[in-house]
Amino acid sequence: MLELGPIFRSLLRRKTIGVLIAVQIAVVIAILLNLQVGVSYQLQALNQESGIDHQNMFYMNVHIAEPNLNPDAIASIVNADLDYIRKTSGVIDAVQTISVPYSGSGWSMSIEVDPADDIRPTVCYFRMIDDRGLNALGINLLAGRNFRPEEVEWRIPYGASSPNQVLLSQQLAEHLFPDATLAEIVGRQVHLTGPMTVVGVVATSHGPWASIDQVHRIAYVPQKQAFDSSTYVVRTTPGKLEETIRTLEQNLPTIYRNRLIRHIESIEVAKKRLYQGQNASVWVFSVTSIALLFVVVCGMTGMVNFAIRRRTTHIGIRRALGATQFDIMRNLLVEYALILCVGIGIGVPMAIGLNVYLVTNQEFEPLMAMSSALIVMATLAVCLLAVVFPAQQVSKLDPAQITRSV
Amino acid sequence: MLEMSGVAKRYRTATVETRALEGVNLSVLEGEFVAIVGPSGSGKTTFLNVAGLLESFDEGTYELDGDDVSKLNDSKRSRLRNQKIGFIFQNFNLIPDLSVFDNIDVPLRYRRFPARERKDRIQNALDRVGLLGRIHHLPGQLSGGQQQRVAIARALVGEPRLLLADEPTGNLDSKTAEGVFDLLLELHSSGSTILMVTHEDSLASHTTRSIHIRDGFFESE
Amino acid sequence: MLRYNIFLAARGIRRHPILSALMAVAVALGIAMFMSIFTISQSMSKNPLPQKNDFLYRVQLDAGDPNRPGDDPENRPHQLTYMDALALMREGWALRQSAMFGISAIIRPEGAEVPFEVFGRAAYSDFFSMFDAPFKYGGPWSDPADENRERVVVLAASINDQLFGGEDSVGEHITLKEELFRVVGVLEEWNLLPRVYDYEWSPTEDTFIPFTTAAEMEFDRRGSTNCWQSIPGQGHQAFLASECIWIQFWVELSDPSERTSYLSFLDSYANQQKELGRFQRPLDNAMHTIDEWSKYIRAVDEGIVVTIIIALLFLIVCLINSIGLLLAKFLSRNSELAVHRAMGASRVQLFTRFLVESACIGFTGGLLGLVFAWLGLMGIRVLFRGESVVAHVTQLDFSLAVGTILLAIAASLAASLYPAWRGSRGTPASLLRDAK
């Protein structure tokens, strides 16, 4: 019905352009499918839940310049700071902690259920918070209870204190106790800096470093830090973020003079900075894909235009013999669709080959069938559009004029 | 000047062999104006292409101006064509985006003449065909007759030993055709050797000699 | 003849302006993509101290946790404990050696109420000659200064400009961590990128003080600290005596052939420690040159390899494209070619002429590619706002510019070989017949 026979024979006769188009599409498919995997993988990393009220939060690192200040003196400065920050208008709550989400610095520690067994310890992020920490971070309690004020103790530099209570993020809890429900995990024993009882399980929040594999295992202990360097995380009411940052930047040093604010940054900004590599990859890959499609469409238009023009006479005769414009268009589209399908037939195995290489050697993600199929269809459609324009021009030519010049 | 004996040319496709020329014997002397006359499809264009070294042939020998050309490679044939042959085509074959000057310049460029000499030769050739005033025009700005005169100037400019003309008046109206043919006669009377293929017997009658060609065979003179 | 070829090439390009432009853009995009990725990966994997590569070695002792936790559980730790660093310094086996760690120091300019923070490095006096640090004034501190924990400091050019207006400040004093330090040397502008001794894509530090002084004064550490055992006891002394791993250690050998001897020295030290009950993992010590070290710690982002492969394939697509476009261009010019053939142009001459025409397009594509590459590199700078290093690795220098254009021409020539062959192959007779 579609006269595949003659189309195929004419393809074989004029093979060079066809071969070039097919090979080009094959390589393009190989690139696009893998770029798509790269983009979606990075996008997943970029779009993962923060688990905190990140839009209304910032953190600041304050450093006491006075050397060898005793821990009690530091503790009173920290308490004064926290009191001041929590009373500042627009502030919902604040906490002194470490391993601030997205901040790029923190502590990681080994945690295990039983130090005596042979199971390799798990590495987790370590956060010290007081009883108001969960509220300040905007993290929900999923099971058990929050820390009590009387459980919060002071940690001093190079001190080996180990509190008795610990809160686990859901991811960490499920990793340590894969068979238990969250409620069952409450009350279990774990070994962190020492033996501790799990008093509660909290929602998973983002760790201090970028995590492409989206693993965020976090342990919380009830401690405040009498260090000469303190990090406060502040949560504000919506819209008050910038204003609060400015107020605190100005006023906090007045509580204790001899110190400096090393760093003050909204969590949102920290997040952007932390993931700028992933963000850049998404851009580079996307721009590459678009440029690639642009090049291919331009090139195809040029080549198809040339190939069709060489056959003007042939087409003119067919028009003279009664083929409609539509017939001509349809024939040309089917012809190039065939070429493109051959290209796709080569391109898909190439894409898989490249993907296997990248997965085994470069920590790349495997192709996904659904999105790959979509990309292939979209590429096919875009490339056929490149055929439509020259085909339309040729099929509109006046058959009388073409045949006269034979 | 030109000596062909037993020249044959065949075109082959996968299934069919077409005999375009068969056993052509021809001898043209210096200063002759020879017409090859035949209907379309008789093989006269093929003959002209072989004679003009544009196409190789399958059998026989061909001597041009004392050189055996049957076994020459492409570069040598191109050089001979460049130095000894001038072409005049039915459809003029001027290059549309080159000016009259640049069109006539083409054969001189491949002969690597210095710029000064090229300019002088081009002006002389244009003067001979009476179109010196159009030196910077593009072919599209000229009439058919003028275009063919430019093509003749281009064929003349390298002072070839042999002019090959393929239906030189075929695309022109009769009045213009007459003028162009007069120009060829004039060239002949001033000593040029001309080999012309045509289907018009009327033109052939003005030449030194005419030979009829039919289905690739030369009919006896 | 070349001039005539260029003349004809210009005509040819003007005759098919769209096809020519498409090809130039394709070549430009392909080349730009490839060159910018190539530049970034090249400058990222460049060793800033190639002359020292065979002499400087990063030392690793496997004093890690026998249960192997930590961020790289399969391998030996990158850094050393304080105890081991001191022991290796005491032995002084190599020509030069330095234990070191990054510090953060509060500096209080004279008369200023508000202090500010500077980043510094605690090292031994050998450090400066090991890493070819260029001195503008003065020099490194003396060996006794290391032993006696003297309060001496070497300043980077930028901080000397800030504090002393760029004057020779040797002999002056600055206040670090509320103690007076005597300036013994000032460095010239020092662009050691990457900062190989503590591999990071950051500029070198602003202040350098003796390792021993920094340890005694309990300067804040910058960098990672891995403790696989809880610290026995309280206070800084307990920390120093712990199995915590936080010190980088480099040696300079007088000859690369000493490498094996130094490694066996490390092994004998480790065996000695094993007898004392430390180093519970199997014997696994190592030395790496700067090049080896950057590979070992995978300093160059693996993503760049993927991007290079993609860029290369992109370039291939652009070349295939160019082949097709040139074919279209050359083959649709039959009548003109036939005339040239009839006028005496040989196949070789036509072939050369096509090559010249493609080279011209390639040159244009190269120029355009430079613009695209520049835009691409600027785009990457925008994506990495605020990272001074990115400006360093995205520099479009002269050799890159020349390389871009040459590559564009070479690529166009390669792409034109087949079309030029096809274009010049047809016999003039058949070309003339087509012309009618």
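Letters A, B and C mark the chains in the order given here, with residues in each chain numbered from 1 onward.
Criterion: a contact is a pair of C-beta atoms (placed from the backbone, for glycine too) under 8 Å apart; a residue touches a chain by one contact, two chains touch by 3 or more.
Only a predicted model underlies this, so the values are computations on that prediction, with no experimental measurement involved.
In terms of inter-chain touching, the protein chains here are arranged end to end in an open line.
Put simply, the chain closest to the centre of the protein, by Cα centroids, is C. Averaged Cα coordinates give chain A a centre that lies 26 Å from the centre of chain C. The distance from the centre of chain A to the centre of chain B, with each centre set as the mean of the Cα atoms, comes to 73 Å. Chain centres here are Cα means. That of chain B falls 67 Å from that of chain C.
Across the assembly, chain C contributes no residue that touches 2 or more other chains. Taken in their complex, chain A has these residues touching chain C: 16-17, 20-21, 23-24, 27-28, 30-31, 34-35, 38, 63, 65-67, 108, 110, 120-121, 123, 156-160, 162, 193-194, 228-229, 257-258, 260, 262, 273, 276-277, 279-281, 283-285, 287-288, 291-292, 294-296, 298-299, 301-303, 305-307, 309-310, 354, 358, 361-364. Residues of chain C touching chain A in their complex: 18-19, 22, 25-26, 29-30, 33, 67-71, 73, 106, 108, 113-117, 177-179, 217, 220, 228, 230-236, 238-239, 301-303, 305-307, 309-311, 313-314, 316-318, 320-325, 327-329, 331-332, 379-380, 383-387, 422. On the chain C side of its complex with chain B, the touching residues are 1, 4, 11, 14-15, 335-336, 338-349, 427-429, 432-433, 435-436. Note for the complex: chain B touches chain C at residues 45-46, 49, 52, 54-56, 74-75, 77-79, 81-83, 87, 89-91, 93-95, 97-98, 106-107, 109-112, 154.
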